[in-house]
Structures are given as C-alpha cells and as structure tokens.
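Okay, handing you the structure first.
A, B, C, D and E are the chain letters, set down in written order, and residue numbers restart from 1 in every chain.
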Amino acid sequence: MPHHKSKVYYNDRISKYLFISSAVLVSLIILCIIWFVGMQGLSMFKEASVLDFFTSSKWSPDSGQYGALTFVVGSIGTTLIAILLGGPLGLAGAVFLAEIAPPWIRKIMRPATDLFAGIPSVVYGYVGITVVVGFTRDITKSATGYGMLAAGIVLAVMILPTVISLSEDALRSLPKTYKEASLALGATRWQTIRRVLVPAASPGILTALILAMARAIGETMAVQMVIGNSPRFPDSLGSPTSTLTSNIVMEMGNTPYGSTWNNGLFMMAFLLLIIALIMIILVRTASRKGAVR
Amino acid sequence: MDKIVVNNLDLFYGEQQALNNISLTMKEKSVTALIGPSGCGKSTFLRTLNRMQDLTPGVKIIGQVKIDGQDIYDADTDVVLLRKKVGMVFQHPNPFPKSVFENVAYGPRIHGETDKRKLSEIVESSLKDAALWNEVKDRLHESALGLSGGQQQRLCIARLLAVGPEILLMDEPTSALDPISTMKIEELIAELKDKYTIIIVTHNMHQASRVSDRTAFFLSGDLIEEDVTSILFTRPAKKKTEDYISGRFG
Amino acid sequence: MDKIVVNNLDLFYGEQQALNNISLTMKEKSVTALIGPSGCGKSTFLRTLNRMQDLTPGVKIIGQVKIDGQDIYDADTDVVLLRKKVGMVFQHPNPFPKSVFENVAYGPRIHGETDKRKLSEIVESSLKDAALWNEVKDRLHESALGLSGGQQQRLCIARLLAVGPEILLMDEPTSALDPISTMKIEELIAELKDKYTIIIVTHNMHQASRVSDRTAFFLSGDLIEEDVTSILFTRPAKKKTEDYISGRFG
Amino acid sequence: AEQTPEASSNNSNTATTIDKKTISSAGSTALQPLVKLAANEFMAKNDGVQVNLSGGGSMTGLNNVASGSIEIGNSDVITPDELKSAGLVDHQVCVAPFLLIVNKDVTIDNITKAQAADIFTGKITNWKDVGGQDEKISIIGRAASSGTRLNVEKIVMDGQKMTDAAAAQDSTGNLLTGVANTPGAIGYIDAAYLKDTVKALKFNGVAFSPEAVMNGDYPIYSYEHMYTKGEATGTVKLFLDYIMSNEFQDKFVEQTGFIPVSKMKK
Amino acid sequence: MKARRADRLASVFLWAGAFLIVALLIAFLGLILGRGLPYLSWEFFNGPDGVRGQLFNSFYILFMSLAFSLPIGLGAGIYMAEYAPKNKFTDLIRLSTESLASVPSIVFGLFGMIVFVNMFGLGFTILGGSATLALLNLPILVRVTEESLRAVPRSYREASLALGATMWQTLRKVVLPTALPGLITGVTLVAGRALGETAILIFTAGMNVSRKLFDVNPMAAGETLAVHLFAVKSNPLPGTNADQIADGTAALLIIMVIFFNLCLTLPSRWLQFRLLGKKRA
C-alpha cells in the first residue's frame, strides 16, 4: 500500500465523523430550544390553569387570568387569511414562471421575487400602518382598521417568495413527459396545467403552502404593527386583536423574568413551536404521500 | 391513399441542422418503420408530425407536412385538434400519476365528455383495444404507476386510443420493455393497423421487419432510403443501408 | 489464466431477486461480452465486480466473486484499492465538469501523485492509449463538457487508464454514441485487450460478435449460456439463446 | 417618597475609577434616547470605555440586571415584587411628562381628567359626548405591560384598567403613526416625542410645558429609573454620576424633552 | 370552443397574477427607495447620527453568524445528502432540521436571550447576536446544501468512486465544486434574511453601536441597520430627523440585499459557465 494511503483513509473517516457530528448538533439545538422554551413555559402552570390557558379568551394577568385562546385564534386566523390571499397569487406566479413565462422574463422575475424575502419586516409593518390599515378601515367600516385582515394582507405579501419558489420548484421537477403526454392528447396548455401538472406537483405545492403558513404564523414585527394588539376576541376582521407572536413581543420586555405572566409568554412561544412542529409533520405526510404515488 | 406527405423538410436546433430535406409519404392504415442509428433524427422527424417539436425552444422548421392534404404548419392550423388526430406514444411509458381509469378518461374528459356512463364505455373499449382490459379490469381505480412497464405502455396506448386519433406515432415504444411485453405490443400494433395509420421508430431491425409494411432508413439527418420493408431489408438500394442492416455499425 | 471467478452469486434489491445463482469465469487479457434483453441483470452483474453495487441502498449479495484468487466481498477487502484495479466505463459518458487535463489527472492526483511533470506524462500517455490525444492535445485546458459524446466517452476511458487498472468494466459504452464514435471505441477495445481484462455489456449483438472473445447471455437474472463468441452466435446450445440472437424478442 | 440622589458628586470623586472596559445597559424604550446620548458623551470623555445599550422594555432591563448579565437596567416603573429580592438599587435620573394626543380631525383642545378616564375605560365612545364632533373614538394605546400605560392608568384613571377594546402599539413611534392616520384616534405618549402630525390636548385646562410640570400644574409625569444590582461601583458609578452631573442634566436632559430631577419643586 | 376559451382566459389571469406580483414588488421597492434614496449622503453615513456603525455591524454579524453556521450547516447537509442511510436516526435528524427551519424567529430571540445573553453571560453583544442568528441560518443552510448536492448528477460520484477515490475525495474534488453555484445561491438567501432580521437581534445584540469605527471586538454592542430602523421607527426622537433616518436606513438595507444578490449570483453564473461550459443564453 502506498505511503500516503493511511492519510487518505484517515481524512475520509474524520470527515465523515465531522459531518455526522454536525448533523447531530443540529438535532441537539432544536431539542435544546424545545427544552428551554418548554420548561420555562410549562412552569406557568404552577399558578395558572392549563384548561383556562387553552380554552379561555380572558388574558388579564394582573387579575390572574391567563386565557390564551384569543392569541391562538388570532395567529391561526391571520395565517389563514394570508394563505387564502397569498396562496393563489403565489401559485399563479409559480405556474406562470414554470409554464408560461418566456425564459428572459423568468430569468429576471425569479430572483426578483426572492427580493420580497429581503425586505425587512419593519418595512412591511410600516407599509401596513400607513397604507393597508387605511384600506381595511374602509372596507370593514371599523374604527381603526387594525386587525386580522390587515395582518393577513401584509402576511400574504410576505409569504409570496416562499410559495412562489417552492411551488415553482415542484412544478419544474415534474418529468417533462407528463406535459408532453397531455399535449400530445390534444389538451390545451391550461388543461395540462390544471389537470395534470398541478395535481402531479400537489405534494410539493402543499409543502410550499404549509411552509408559507409556518412562516406566516411565526412572523412577529410586521404583524405586531398592524394587528392592534388588543388581547380580546375581535368583533370583526377589522378590529384589534392579538396573535401569539405579537403578544410575546408586546409584553416580553415589560414583564419580570420568572413571573407567571412572563412564563405565560414563553408558553405561547412553546405553543408556536408545537404548531410549527405539527406543520412539519404535515409537510412530511404530504411529501410521503407524493412519493408513494 | 396518402395520409401524410412530407415535402423538403429541414429542421434546425438553433444553428445545428438535424433534418436535411426530407421528403416522405406515408399511406393510410399502414405501418411505417423509421430506423437508423442513435442521433440520426428519427425522433426529431416523428415529433414534427404532430407539432410536438413546437415545444422545443429554438427550433426552426422549413418545408411542408401535409396530413389529409392540409399543411399542418399553416398559420391557421389548430394545434390542439391536430394533436387529437395525431396521437403519440413515447419511448418510456408515461402514465399520469392518477388511477388507471383516470388516465384513460383523461383525453375524453378534456375534449368535453362529462357523462359518467359514456366515459366508462370509452375507457373499457380503449383498454380492450389496447389488450389491457383483462389485466386491469379489477384495479381500474388504483394508481397507474403500480402497473408493470409493459402494462404502463399499453395503458398509454389505451389513453391515446380513447381520444379517437387517426394516426399513431410511436417512438421506440418497446425499448424499455421486457421481451414478453414487447411481444404483446407488437401483436397490438398488428391489430391496430387495420384502423390506424402508424409510424413507429425502432432501433430493433427485427422489430421493424416484423411489424411494418414500409421502412425508412435515416442517417445523420438524411433520409437515405425508403421502401417496402421486406425489400429494404433484403435488397437495399444504398450501400449505407446495407452496411447498417448488416450490423456493420450502429 | 482465470482473472475473475464468480461462484453462485445471488443478488437482491430489497425483496426482489435480480441475479439467480450466477457462476462465470473470465480469463485474463480477453474480452467477455454480456448480452441479454433490457432488465435481465447485465448492469447489475457488472456492478458487483467492482463493488459499485455497495452504493445502492438495500442490496444484498450472496456468493463469491474472486479476483486474482481473492474474494472481493471479504470483510478485509480494501474497496478503494479494488476499484482502482477494476475500472469502469459507464453507458453515458460522464466526464467531470473540469478541463480535459484535470479529468485525466484526477485519478493519479487522488492516488497521491503531485508532481506536475509526472502528471503531464500520465495524461498524455493515457490520452494516447485512449486514441484521443490528437483530437484534444490543443484543448487540454478547456472544459471536457465541450467535447462530443464520442470524445467524452474516450476521455472517460483515458481517465480510467490513468489510474492503471487491470480490469475494465464497460456498461454499454457505445449505446449513446454515433456510428463513427462507436467504431472508434470498438477499435480501441481491440487494442486494449492486449493489456487489460475487459468485460463489456452491450445490447448490440453485432458489436458483441465483433469485439469479444467469449459471450455470456443473461435472461431475467439467469445466466443462460456462456461460450466462445463465434460458437454462441452460430450454434447456441440453448433454445432461449437462439430465440434471442435470431431476434425473436428483445 | 423620593429622595434626591447625590446629584453633586462628580467625576472629581477620586475613590471611583474605571474598572470595567465594557458596561451594558438595557430596558425602557422611553428612556433609551437619553441613555444613548449619555453613553455617547461618556464614551467620548473616557476613551476605551464601551457602554452597550439595548431597549427591550423596562422589565427586560430589570430582568437582566437582576440576573447579572448587564450592569444597568432602565425602567419607567419601580421594581416589582418579583425582583425586590435581587438587591436592585434605584437611581432616579429624570422626570418624564406624558401627553394625551389626538388625531388632527378631533375638534376639542382640552380634556378633563374625568373625561379622559371615561374614554380610556370605554364608557365614552363618541367625541360628541366630550364636546367634539360626532365621531367614534378610537383608542390607540400601549401594551398592557408598558410603563407609559401604567403611569397613565395610575395618574389619569386613578388605577382603573384601560378597556381592552383599545388598539395598542408597542412603541411610541408606531402609536404616533397610528393616531396620525386614524380619524378620531386618541393616544398617549412621552412628551418628548410629540410631532406635528398629531394634536396634543390640554389636561384639565393646562397645556403641557416643562414649567407647568416643575411647578406641579401639569400632573401627568413619572420618574425614570436606572437600576444597578447592589451599589454602583467603578465605571458604572462614573457613568451614573455623569448622568446626574449638572453638566449633563442641564444641557441634555431638557434637550431631549425630559425634565431634570433637581428642577422639580416638590 | 370552451376549452380554448378557458385556455385563453387562464393565460390572461396568469399573466395578470405575475404582473400583480411584479407590481407589488416594484411598489415596495419604489416606496422604499423613493423615500430613502434622497437621504443617502455622506452625512447619513458619517455624521453625528450616521449609520456607519450599524452598516458595519450588519455585515459583521452576518459574517460571524455565517462563520458559526456555515461549517455545521454544510456538514449536516453533506451528511444528509451523501451518507445518511435511511433509518430512524437520520429520520430524526431530518425532522430536527425541518423543525428548526420552521421555528419562529421570536422563539429564537427568546432562546438566545436565555442562553447566550443570560446563561453564557454574553450580554447584548455582537457575539450573542451572531450566535443566535446562526441558529436561524442553520436549517436553511442544511437544506440548501442537501438540495444542491442532490442536484449533482449521480454519475459524477460513480465515476470518481469507480476510480478508487474515497468519499471525502469525491466530495471535495468533484461534488462540492459542482454544487458551488447552488450553495452560493443558498448563502445569498440566508444573507438576505439575516440582514433584515430584527426580532432576534433586539433580544440579543443590543440597540447601540460601538463608538469606535469598525470595532471588531465581538463583545461590542451590535445594533444592525434593521434593528436601527426598528429603533428609530419605534422612538422617533424629535430633533433627530428620525423619519429621514428611518427612510434612509430602509433604502440602504434594500440596496444592500440587492447588492449582495448581485455580488454572489454573478460570480456563480460565471462559475457555472466555466465549469459546465454552459451558454448564458
């Protein structure tokens, strides 16, 4: 065996171990996060009722009431609005990019849509306060216009890059033969898109939508600026309410560390984490279903 | 009767010429085989006949392709109708990721058939025509991707027959299949030729001689020779054809 | 002399058995051709000989493969050294996205050669052995992806020769190439067989008869028959072999 | 119950020298601009010293100073019970007055304490009930835990709770934008941040001015605090001393819209 | 015919959708740049309220966070793409990475505050901010690495291994260089997100800057442009041109993101061109 061989093998082994340790480290990090945030959050239940936290909408820590239902509903509501508005638009963009756009348009538009992701949340929030809230005030006829609709609209724009790029990838990774087979049967382009391509790419598109929802439900700064931050059930889509994230930032800085109130905020963060995890499991089921087919 | 008439067809991929001045006539209700070594332009030629080539960016086509006397490259040709009439089977079976039934019903559906009973009838008769009915009748609603390669290819043929084409283009339809499946498809072609005009690309000369009435030999974008199959394989007019069929290259 | 001896080899992809009890002996400095219809297990068999099959997840191998008397599936076999000794050429030319020079120099480099002059010598002699030197000597530092398919395939052979193998495994090395390139590769094989033991998979029976000393016929994972090439093609012992070579299927 | 800190002690105090090169301070966003200014001046005077600063809210400051990860916690409120045991020492550095502000379309200029309380508790919901135009009142306040809000609840509403129908913003800047853009909106801010995009109301007939606060005519104000863990020493003490110095109090505190502690006639 | 009409209608709608998306983008960019560009002056960078420190911090924190996350992200991505057998262990790792990718940034911020700021006693510093930000980058890097490695044709690996190269040699000399353009795109994405991140940094990196210009001390205060924008918007002190500073900062941020995109994608196009001899078309 030539002399240098031992070094080559050594490098091969070492590098492999390094890669494995990196992978393990990544897992440890998420476990740590779950552990720390979870422990901190769950300790609120030493003084607060678990049932109330999930079923009551009365959030009034001064008087010992810790009902987080409003925030959960707010988070889910804004996310749904965002996905209802941004999902179809983003999907249209993805289909456009994958199937319709001339190459030169695609070449410009694809990286350009990524720029949406580079605009800081604060800027989205600012456009929200100055433009969107006025619009929602008018259409919901409410006093301020702050609320779920405004937040949903802002989020709809913020999730566009996620929806567009992941859905386009899913459409693009379809075998070319699907499209050819359909067109060769005399289908129009739209029939091909609607009946073959989108259904075939649906696991990928579903993944895109779920990840976009994860992004929307976790967004903080922009939502906090337009949601109105009132800890109560909204009367309409245009009246102030709160989401998990907005309430965390609103109150985190002004509650004593270790107090039940503060722990309650960590519990909300933990809840967010759990929701995110559930979404990931949904994504995996979606893509596994795709793989079986 | 002449079904397809090709006159002086040139095709360019960008700068590169892939077909040189091809002229060829194909008769109704007959099987024409296209043979030639890899890269000679067989697939390219086939895809000009239903304008699938339009999908390739940067393709330029000069010349005339007449089907039933009508130039399909005329500005007012309805490509969708053309493709309905000129169906295509691909080298690799490409069923949609849907059920067997939905695969076959796809064509009729997009062409406006909504009646359930009618659809069922079409699906059944198409599958029967494609000699697949007996094998799949109990699993019509399972995914087509669970079928074997040979079954998938026949499913693709059934899917095609369901839209009622007049011409079938087949690009090496058996090259990815096992011997038994190949045999079945060859038998199928023999049956179908009573109703359809068939053009088949194959790299298997035995197959060409088994299934076709006439054979055309392509080489580097040129049509070298076209003749009745038995003549072309036994007494080719050109030296190049002879070299190829005797296995001296390719 | 026997270079490779395979005894009772079974191979499973998961549950599915792809090779059934194969026993076959290949002689040193000779060309053995493996023929058979698509999916019969030719590639699968070839890839057991340099343990490339190890890379496929879920593969189970039972039996013995001895090279120079040593079982390569022994626990203490050095796979890297084995692959250096048993080189492989693939169906589709797969040069690295590097310059022509870097492609050929890749093997010597990873095996520890750093001397520039030495490397240049190896590159030149390998390219010459692969009959490519004259065509590329002026563009050694251009991307290998700019070469034609046939040139790329010869480059891959040169890249292989540069590591100094003893056995060359070739999996349909010409199936993606044009006739002229095919001819060149066949000529190359004829030259190389003085120095190397060559196993070549091909679907072209003419090619098998042109280049090989012995031929093995596979069908559905079984080795049906193995014999001197001229005998196998003219007086096969088995009915199945005869059916196949007479083109009755496949 | 406030005692005047030793405002006179200056850099001249020879017992105190620079010990740490880097000190950190975090907390109240309201006080942050003042501390930032002080930090810049202080760093300019003491080469090589770093004062790291963060906002995050009053309790962020107190939490972190109590846990020892920073040296100074800035707060609009006095230490809550949870943190009393941590041994935090209070330094009152200035007085922050508050303003009630409205959207420019609101026609009234003055509001009484009772009216304001009724609006903020949600009893009055239309401007016409306090002498203004017929328009719905939109309250845009601060978060439930905000120091500014606690002070308004304490002084204006005698400890009653703000209605939770109010919209809230987490910062003065966003609140200002909100009030400026929402017809019929009312909110409250630190006086320092008043902009001409909104209108400030007189309170009980008294318009805000620093003098009105100093002589007790304008009642909505509170003390701003900087907490240390244990008595301040070394660099931290030097920094706090600098903030309390006449030089800084006279020149910068007023410039930023706060009122020097020493000027309060009480 | 109905199908034909639907086809035409759909085309119109899809074009309209695309147009709306682009219009939204242009509106945003126009708004931000239109308001902010006029304020971008030398004064804006270097004046008394100048943002040179924040600008420096933005990049410093970005690079530091990449320095933490890149090796680990690459390593884990390589493992997932190249080595990972399909079993419970790798399933768990994959699940973790994906979970990490969906953690809301506010949760990262809180975690960073408990762990780095408090437990490790880093305080509100560049180091604390970078470490927390690295957590945000990590899953994106793992994912992008895995994807770009998977996009490398299998045949390259087979060719290299068949020549007797070890896995590590194959990776280093063939797979990684080929995947480089994809990796670079990934880093651009990460950078874009990291440059605009606020929620994490206000809880971990602090809200002022060192007085020293280009203070590389990792324990210095780490306000970035995005946080500065947030701070100025939150507490617009009169007499400081707060609105103008905010507008200018927003514009500067966008320019930086675009600049970063160009800086990284152009060389990667060139690289692809070199490597693959691809036409730019």
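Basically, a residue touches a chain if its C-beta (ideal position, glycine included) is under 8 Å from a C-beta of that chain, and two chains touch if they have at least 3 such contacts.
Remember, predicted model here, so these are calculated numbers, not experimental data.
**Q** Just how many steps, at minimum, does a route from subunit A to subunit E need if it may pass only between touching chains?
**A** The fewest steps needed to get from subunit A to subunit E is 1.
**Q** Please identify each chain that touches subunit D as well as subunit E.
**A** Chains touching both subunit D and subunit E: A.
**Q** Among the chains here, which has the CA centroid at the largest distance from subunit E's centroid?
**A** B
**Q** More C-beta pairs touching across which pair, C-E or B-E?
**A** So, comparing the two chain pairs, more contacts are at C-E.
**Q** Nearest whole angstrom, what separates the Cα centre of subunit A from the Cα centre of subunit C?
**A** That pair's centroid distance is 50 Å.
**Q** Using mean CA coordinates as chain centres, what's the gap between subunit A and subunit B in Å?
**A** Going by mean C-alpha positions, subunit A sits 47 Å from subunit B.
**Q** Centroid of subunit B to centroid of subunit C, CA atoms only: how many Å?
**A** Roughly 34 Å, centre to centre.
**Q** Which parts of subunit E, given as residue numbers and ranges, touch two or more other chains?
**A** Residues 3-4, 166, 169, 203, 233 of subunit E each touch two or more of the other chains.
**Q** Specify, in ascending order, the residues of subunit A that touch 2 or more different other chains.
**A** 8-9, 103, 126, 188, 191, 249, 252, in rising order.
**Q** Of all the residues in subunit C, which ones touch at least 2 other chains?
**A** Touching at least two other chains: 80-81, 110-111.
**Q** Given the complex with subunit E, which residues does subunit A contribute to the contact?
**A** For this pair, the touching residues of subunit A are 8-9, 11-12, 15-16, 18-27, 29-33, 36-37, 40, 89-90, 92-93, 95-97, 100-101, 103, 105, 109, 111-123, 126-127, 157, 160, 164, 188-191, 193-194, 211, 214-215, 217-221, 245, 248-249, 252, 266, 269, 272-273, 276-277, 279-280, 283-284.
**Q** Residues of subunit E touching subunit C in their complex?
**A** Listed in rising order, the residues of subunit E that touch subunit C are 85-86, 153, 155-166, 169, 173-174, 177-178, 274-277.
**Q** In the complex formed with subunit D, which residues of subunit A make contact?
**A** Listed in rising order, the residues are 60-62, 125-126, 129-130, 133-134, 137, 143-146, 224-225, 228-232, 239-240, 249-259, 261-262.
**Q** Residue numbers of subunit D touching subunit E in their complex, please.
**A** These residues of subunit D touch subunit E: 22, 24, 26, 29-30, 32-33, 36, 39-40, 43-44, 50-56, 60, 64, 67-70, 170-174, 176, 192-195, 255-257.
**Q** Under the touch definition given earlier, write down the residues of subunit A that touch subunit B in their complex.
**A** Going by the criterion above, the answer is residues 103, 175, 177-188, 191, 195-196, 199-200, 293.
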